[in-house]
Amino acid sequence: MIKARSRKIKTPYYLIMPPQILIWVVVIFPLLWAVYISFHDWNPTISPQRTFVGIGNYLNVLRDARFLSALGRMLYYSGLGVTIQLVLGTAIALAIVEYIRSPRWRTTVLVLFLLPMMMAEAVAAQMWTLLITDTGTINNILVWLGFSPVGWRAKELALTTIMIVDIWQWTALPLLIAYAARISIPDGLYESARLDGASKWLILRKITLPYMRVPLAIAFLLRFMDSYKFLDKVFIMTYGGPGTATELPTFYLYQTAFSYFKVGYGAAMSWIFGIIAVVAMFFFWRLAKRMA
Amino acid sequence: MITVSIAGVSKRYGKKVALQEVSAEIQGGSFFCILGEPGAGKTTLLRIIAGLEVPDEGEIFFDGKDVTLLPAQKRDVAMVFQDFALYPHMTVFENIASPLYALKLDEEKIRERVHRVATFLKIEHLLERSPLYISGGERQRVAIARALVKEPKISLFDEPLVNLDFKIREDMRAQFKLMQKEFNQTIVFATPDPVDAMSMADRVLVLHEGKVHQVATVWEVYYRPVNTFVAAYLGFPPMNIIRGTLRQEGPKLFFFASDLRIEVTGLPGIWEAKGEKVALGVRPEHLIVGGGEKEMLSFDGEVLLSEVVGSDTIVHVRVGGELVLRSFVPGIYRVAVGERVKVSLNPGDLYIFQESGETIVFPRRHESAVNTFEG
Amino acid sequence: MKKINWGRFFGILGLVVYGIFVLFPIYWTINTSFKEVGDVYKVPPSFVPTKFTLEAYRFIFQGTGRLALSNSLIVAIGATLIAVVLGTMASYAYSRYPFTGLTNEGAQFNLLTVRMFPPIAFLLPIFWLWKTLGLLDTHFALIVTYSAFNLPLAVWLLKGFMDSLPRSIEEASYVDGYSFWQTARRVVLPLIGSGLAATVALCWIFIWNEFIIAYLLGGTDVILYTAYLPALRRGMRIMWNQIAALSVLAIIPSVIILVLFRKYLIKIYLR
């Protein structure tokens, strides 16, 4: 009498199927193939031969000086760049809340400040390239004012320049988050603090910042997560150069895979880099959770 | 109007047993109450009847037809959810008319029926409003309207009075009875409040931790509860239940608890008691404070507390050492704390329960009441 | 009293300085887009076009520029649609039917991975996938790839909205007599409408702004504007005004979205 209770397990697999198929075919299988190929030495431009080298590729990546210096650059760039973005973004957000009272002005200013974030990295890169080439706009202005031009794309400055462009574009994100956090703090706290006669700095330290710790930690994570995927600006503004001055790991990976066509080696590198990224992420995630 | 049969329904959620072999019969046109504490399984049972869930074991029959696997859409039932579940993006009219749209009735008919129900529930002035901006009581009536307008085979209500103010609750109880008569509905009503059951239901199913303790008419459940749980549940304030022992002294049988000693020799069925440990039960309204007639048993007691509830009084009295009994006194009864009073009861009002909870002795005094109201 | 004035003065000054910093490149690009080619390199630089001209825009519209922009449009719309539709289905299922076991956790996990890995790491194998299938440089490959990349985002966002929709409202619809699909149409979709809009906007922006996938998987037949930009830099004279024009055109959709959604932005980020 109790027939198949198949109705109970009515979970609509047909709803899950298409999305899962898409992910599996386009993402998972290629990833698995990448694992496979990473154990081989394969350069299709030389020969269609694939020779098995085991974990040789992985070891070579870890010993690859170029890769390691790329990682170093990334740390400088991510660490410093993201920190500046956070600090600057927070400062601007607080300034907006403090000094601009009318809501309409606030919205306008916010919209304007958020513009850089909305555009493609590639577009931002192009915008800035025009400004920073040796005969670019900024140098033109400097010369016009009587200063000497600056080699923005020279070896010493190139990475910093790109970092500045990144700051220009992405400070908006921590700004937005800080702003949202700031306006969610109840006014009552500020009023009672002012009644108690607290100085502005004290208010900042004791009231504002604690409330913003968690959102800022999230902002940091988000930006950090994005920063190691970074490629567009490097590609367009300096193409890794001059030399390898602005070569970040992603760019080196690109070169390996699509310029030198060392596919197997590139696959190993992408896994190593990916794992480093994920590990770093989890590390920071835990840190952020502990702060909350 | 159909008969619903619930046969051996069981339902588990992972390790948790929600319902265990629940069976009952619901007559067409009757008001059936599922009574139980929160978590007892009322909502689960209701949802199985509605077709929103499928039982792991057992069947549901509508007029003899097995509908256990039939989905809710096809069962022609109506349900009022605990949170009312109104569509926030539609007007009240559209909410109420929703089941009628599904049936594809024509506009005229829909408008007619919606207005009829809305007028009955006194919400016709709200028809064009959004359900977000009306009060809780109004929202509930919209939910009820949506259920009624369909004229379904059965209507299911999940704790509808729980979210309402006390005063409105009283009014709604009367409304429900009227509603049933007017629209000739079979109503299944889940509630944790025994007052709801007592005032509205024809038959009651007492559910506890997924098991059915008793299914019977309201009077039977009240006067002949099958165990201590049911006995204590129905009645406000709850029945006084005293644990103690039976001891035979000569040809007589006595009940002992603390300093209390009551002769129970003559109580019908007492000699079938298994074991010594029993519980004695007496309803607060059968305990007389400061008065009483001669055939009654009396004890001395000391007043601990006297609380006025509504326009009546509940007096807490300490008797026989450590036992505290509650007595229900109609009207406002003034008595001071610490005052010594006489507490009397009629042995014909006594219940005796087995240690495991089953009732051994029912007071025969009320047999006639049960029989009068049955059927 | 004096103290407050100074603080406020510097505060607003700071904001103004930052504002200049932010807006200058944008202003300059717009400025450049309306210039003649020679005007671009002048010293002292012309803050306003010496001769206002639309020749850059004309070039973009007549040539590959239009093709690039329209390709981007097609791909962005297509991929966003697929990602959001599939995302809605998946997020509904995950929200309403918490599966025990591998299916649910596994799905959540691969969602997260796609998010965290650098896209370039995926591109390596994906490039070869499409190459083997002979589908490089096709709309199909681009749309499918972008959909796959944005699906996790769509599911994550939409699941939040699905979760906040009480199940009882759907069940009320069933009891009323509606089938699953009717309920989806009448109840579920309208009630997560704003969430859908937000998800569409976000997915769109990510796809529209994307570069490296477009560059590697596109080619001559299918160029997306982001990949076309660097192409304009080849050659003897870099036509900055054209690049500027294309940039301006490219930003317009994003700006529109920003302006339209400005009130919601804060709410989204608060989540």
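A, B and C are the chain letters, set down in written order, and residue numbers restart from 1 in every chain.
Definition applied: a contact is a pair of C-beta atoms (placed from the backbone, for glycine too) under 8 Å apart; a residue touches a chain by one contact, two chains touch by 3 or more.
Bear in mind the structure is a predicted one, so any value in this text is a computation, not a measurement.
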Winner on C-beta contact pairs when B-C is weighed against A-C: A-C
From chain A, the most remote chain by mean C-alpha position: B
Centre-most chain [mean C-alpha coordinates]: C
Chain centre separation (chain B, chain C; CA means) in Å: 58
Gap in Å, rounded to a whole number, between the CA centres of chain C and chain A: 16
Residue numbers of chain B (touch at least two other chains): 71
Chain C - residues contacting chain A, complex: 7-8, 11-12, 14-15, 18-19, 21-23, 25-26, 28-29, 32, 40-45, 82, 86-87, 89-90, 92-93, 97, 99, 103, 107, 110, 113-129, 144-145, 147-149, 151-152, 155, 180, 205, 208-212, 215-216, 226, 229-230, 240, 243-244, 247, 250-251, 254-255, 257-259, 262, 265-266, 269-270
Chain B partner contacts - residues on chain C that touch it in the complex: 166, 168-169, 171-179, 182, 186-187, 190-191
Residue ranges of chain B in contact with chain C within the complex: 50-52, 71-74, 76-79, 81-83, 85-89, 98-99, 102-103, 146, 150
Touching residues on chain A, where the partner in the complex is chain C: 11-12, 15-16, 18-20, 22-23, 26-31, 33-34, 37, 88, 91-92, 95-96, 98-100, 107, 109-116, 118-124, 126-128, 130-131, 135, 137, 140-141, 143-144, 168, 176-177, 179-180, 183-184, 200, 225, 228-229, 231-232, 235-236, 250, 253-254, 257-258, 263, 266-267, 270-271, 273-274, 277-278, 281
